[in-house]
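Note that the chains are named A, B, C and D in the order they appear, and that numbering of residues resets to 1 at the start of each chain.
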């Protein structure tokens, strides 16, 4: 059985395991004061060209979203996201658990439009009863989105500009950041992203690590006592080295982008295979998640041999499916799928 | 430099890394549905002799304490701990962040006495204004305590009995559980602990794992939708296999207890060395943390060669220190310390 | 200047002030143990024909919604409301502040349809990833709704039936309950309402009181230690007598319904006046809030003489407005408006 | 039966009821935009000699404490109080419910000492693990304290000075402020208090009002969007006029201080009566709460005729009791008590 279900079905990139083994018995202090963490931070600062960046390694995505949002927002504030945004739909109420409303505005193939954001904010403050409503205090988007789509530099700059006008930090969820940046459709890189937002994270869990997300405040703008906030959210790892070693490895010799490119190359091959078979797509995704619409017969042919996600069942019996590639996907598996279809 | 600072200065037991490597490219589902996690749970159920136990793997200690307390308490309830309890003193307000007061009662060498607990509860309900005060809804202790001391079966049974009388679940923080159970002073084992409390966790982070704590509801008594609660607390790991593989390894061939015994054996040697030198102890600890009171001269002799924690500075210039052994401590390091003292 | 802006522009019904004066220096215990509160509860139990009802007096609407929702939901649960529901749009994030997501489903003239609720719940549990999403734990509707519309007995029974099927309590916000029940369109009364939901409140602030809302758990089903929960939410009044006297007065000689009828009678006259002038309505409201669509000229004619709310500006220059009557509205004011239009 | 149980056993000062009646049918906007509230704020600004003060009227004490603390603290911060502080002991966990730990330091007859506060803070930051502990972000004291004692100007200045040194706002709970300032032992007045803290409240509920507490940020230093924060805490009254009229009345012709003096004069008479009978006091209170230690026989003599609070039962059968006077206490009742003793 070959799984295309998601991008976290395997362990870690072998180089990460090698480094964990190699350093295993070196004694280092806990909580991120170890030399691996210090080195990883420095390498990320170079990769994003932000020598002043505050960088903190957290463990997982939901945790990172909830912690960053709670840290950045005034405690009575709300976060603005699209209707299909991950924090709006799939975080089990973690953001609300920390006390913050998620205000939703329309999504366009998963993306937020600067114009929609401006309209929402302008309408909000035009209504004199706004102090009776949850106050928008920051904006959340993800890169890529839930539908695998990505923002262009211009789109991102547009959203950031509205955020600055309203003095709201812009937070970019980069759980799959590598797969977005490696996309042939991407016209931004890490330094550009860092310039066009106020906080973002570089996803490790879905891009080669066992676990770990690197939260970046690019201009040294981490909230005061962010360390305590992280601990209060249960997001501080005693053996910080586990995260430090992984990100140090991912940011050595450009490994993070190299393995992201593998996922994208194979996703493009996957796309081509589906197109060959005249299989339509639910959405044109330029990243590692592909959403072909399969017939019952096509799905039957894969049964027991290839697994994938059912995204949405259509009335005509067909289904929108999701096939995800990752750093670990092999050419062999792609070819095996091709044969079966 | 040899570090006795804590029990999380190294990586993981080599066998764990070996298993991680060996299984690395096997595709398994996320969020704890992988075969390693399923196997690990089964092995723990056998080790604690509770076939009905609900077991969930979380990532770290603060997170586990905050999640379990929030899950078990009624949302308006408070948790009772000793003044020196970890959640009262060292959790950065994580329990309160989730909305719960930590009510403190006296500590005796770090331990809670059943009699103190009963007196507190009996006084509480005798005061007719109790509905105006935070309502105690559960009890928290740790095994071993912050001072390395442990409860006897009788003491634990006494506390549990008070808890049952007042219908309050008893939660045992076992961040260092192995080191408590392996102590020569311990008269309980895992099945006994499981019988004498309502929820506990088996600490991995400090006992050989890279990260991970196994939360156990011994009688299948996990709160409804505990999975969602865990996710809401940011404590759900996408690659659940990372925790599953580690605990599966720790509970294969009794590894968890075997490596715990190593720590205790060496802690006892450490204790003997200090005694030999007529160095007094702040507290008689039968577990892996030892608290010798060192003179300035003694500390100077170790400077730059052996590191440890300063627990408390005394007025006469001496200091209560903490030396911790662990699964990773070697005889060589103990001998090196002996020579330096 | 005559105000039709809202139903809380005046003080209290004169009979309430008379009772406050009359009883002012009688010494009574605090926190709701006074004889007035006890009597008021008994009168409400009779009015709703629920001798077992648990009744608690809180101070205001937002507070009541936030407290009841937090008390009734499991702490990790979410509340389902319509998109236009008061808690979704106008409570400043108070529900989320207590940790709960407000899940929204479509509104039909402000109302929730049982069919929409069933579809949402059935889709929710059909999605195997539901434990990753906020779990719906209760349903919130208001009677009347934000648009002045009301549920028929059949509609209410339909929603309640879905709630029971999914074991979710149904909460009815009755901030303007009297104005709903007094409507000529209403086919339910207080006992029927009490039978068709699990908790509701009888609004005092907008129906003749200075402040106060009576929370009713009709079948003695208040959450355990609800008193402490209320206090924890800052909703416990030291001088509970202030609420007790007011509700005791409102439920003596049917005063609550009598003054509600005054508001409705005058609202119907208002409606007739607008119709006479061929002024269209945004929505057909059978209660004390009317939503005529006025031209700029019509609004100009009222300027400086009659005030009202602008609900929404239309593209053609007209505006949806809101005119509210109340227990305090006089025939004279209605006539004055008629002349001006 | 005469009650000395507390200072909220009666309704409101008659002048307040008179004003409520007189203004009852005047139409005024809600939420504190009414003319009475505006006037009341202005009168308080004059009384405290702070023309820039931000003033907000809330409903009750627990609510005010929880709202102010949550508004002033960083969301991850903790509040420092004495062990006997009202928020530490008697607020049902309301402060923790909003996410904040209450850190306690010793109390001296209910009071905090600047020296204790400095020592706590200095020790806290001397411990390098402080970021792992709840961070103190503000200081809470009450005037008078739970034991009726009051701070001198020097003591208050000392505490404020430590607060400024550590950049922590000082919050003074003035639920019984009038009774403190009217004490013969008081060497401060309202302007002095306003100068020596960062936020305080002027208690209405216990000093002549039906309900209401006036929160004062003396230097225009209310947190941004405090209005929304207040609403989010369920503390915004729709009919703000109810609070406005009451405080406008209390601050007209010095009524607030005049009725406070009545309570103090009678408390001093009460004290003299107990002393005459050689009845000892648990604590020397210079305010409206007196704590005589009564024998069983003395208590029996009062049974059924005079009621009071049992503060604490002593081992010898005697009891520390609390007798409270208020704005409503009459000379007759004092004389009646004198005869019975």
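We adopt the following convention: a residue touches a chain if its C-beta (ideal position, glycine included) is under 8 Å from a C-beta of that chain, and two chains touch if they have at least 3 such contacts.
Since we're looking at a predicted model, the values are computed, not measured.
Undergrad: For the interface formed by A-B, which of the candidate pairs A-C, B-D or C-D is equivalent, sharing more than half of the contact pairs by residue number?
TA: The same interface as A-B is formed by C-D.
Undergrad: Is the number of contacting C-beta pairs greater for C-D or for B-C?
TA: Output for the comparison: C-D.
Undergrad: Taking each chain's centre as its mean C-alpha position, how far apart are chain B and chain D in Å?
TA: 42
Undergrad: Return the distance between the CA-based centres of chain B and chain C, expressed in whole Å.
TA: Each chain's C-alpha centroid was found; their separation is 50 Å.
Undergrad: Provide the C-alpha centroid distance between chain C and chain D, rounded to the nearest whole angstrom.
TA: It comes to 33 Å between the two C-alpha centres.
Undergrad: So which stretches of chain B touch two or more other chains?
TA: Only 76, 91-93, 97-99, 131-132, 134-135, 228, 231-232 qualify.
Undergrad: Spell out the part of chain D that touches chain A in their complex, as residue ranges.
TA: 31, 70-71, 74-76, 99, 131-132, 134-135, 224-225, 227-229, 231-232
Undergrad: Report the residues of chain C in contact with chain D in the complex, numbered from low to high.
TA: 1-3, 5-6, 8-12, 14, 17, 20-21, 23-30, 59-64, 66-67, 91-94, 97, 205-206, 210-211, 228, 231-239, 241-242, 328
Undergrad: Which residues of chain A touch chain C in the complex?
TA: The contact residues of chain A facing chain C are 76, 78, 89-93, 96-102, 129, 131-135.
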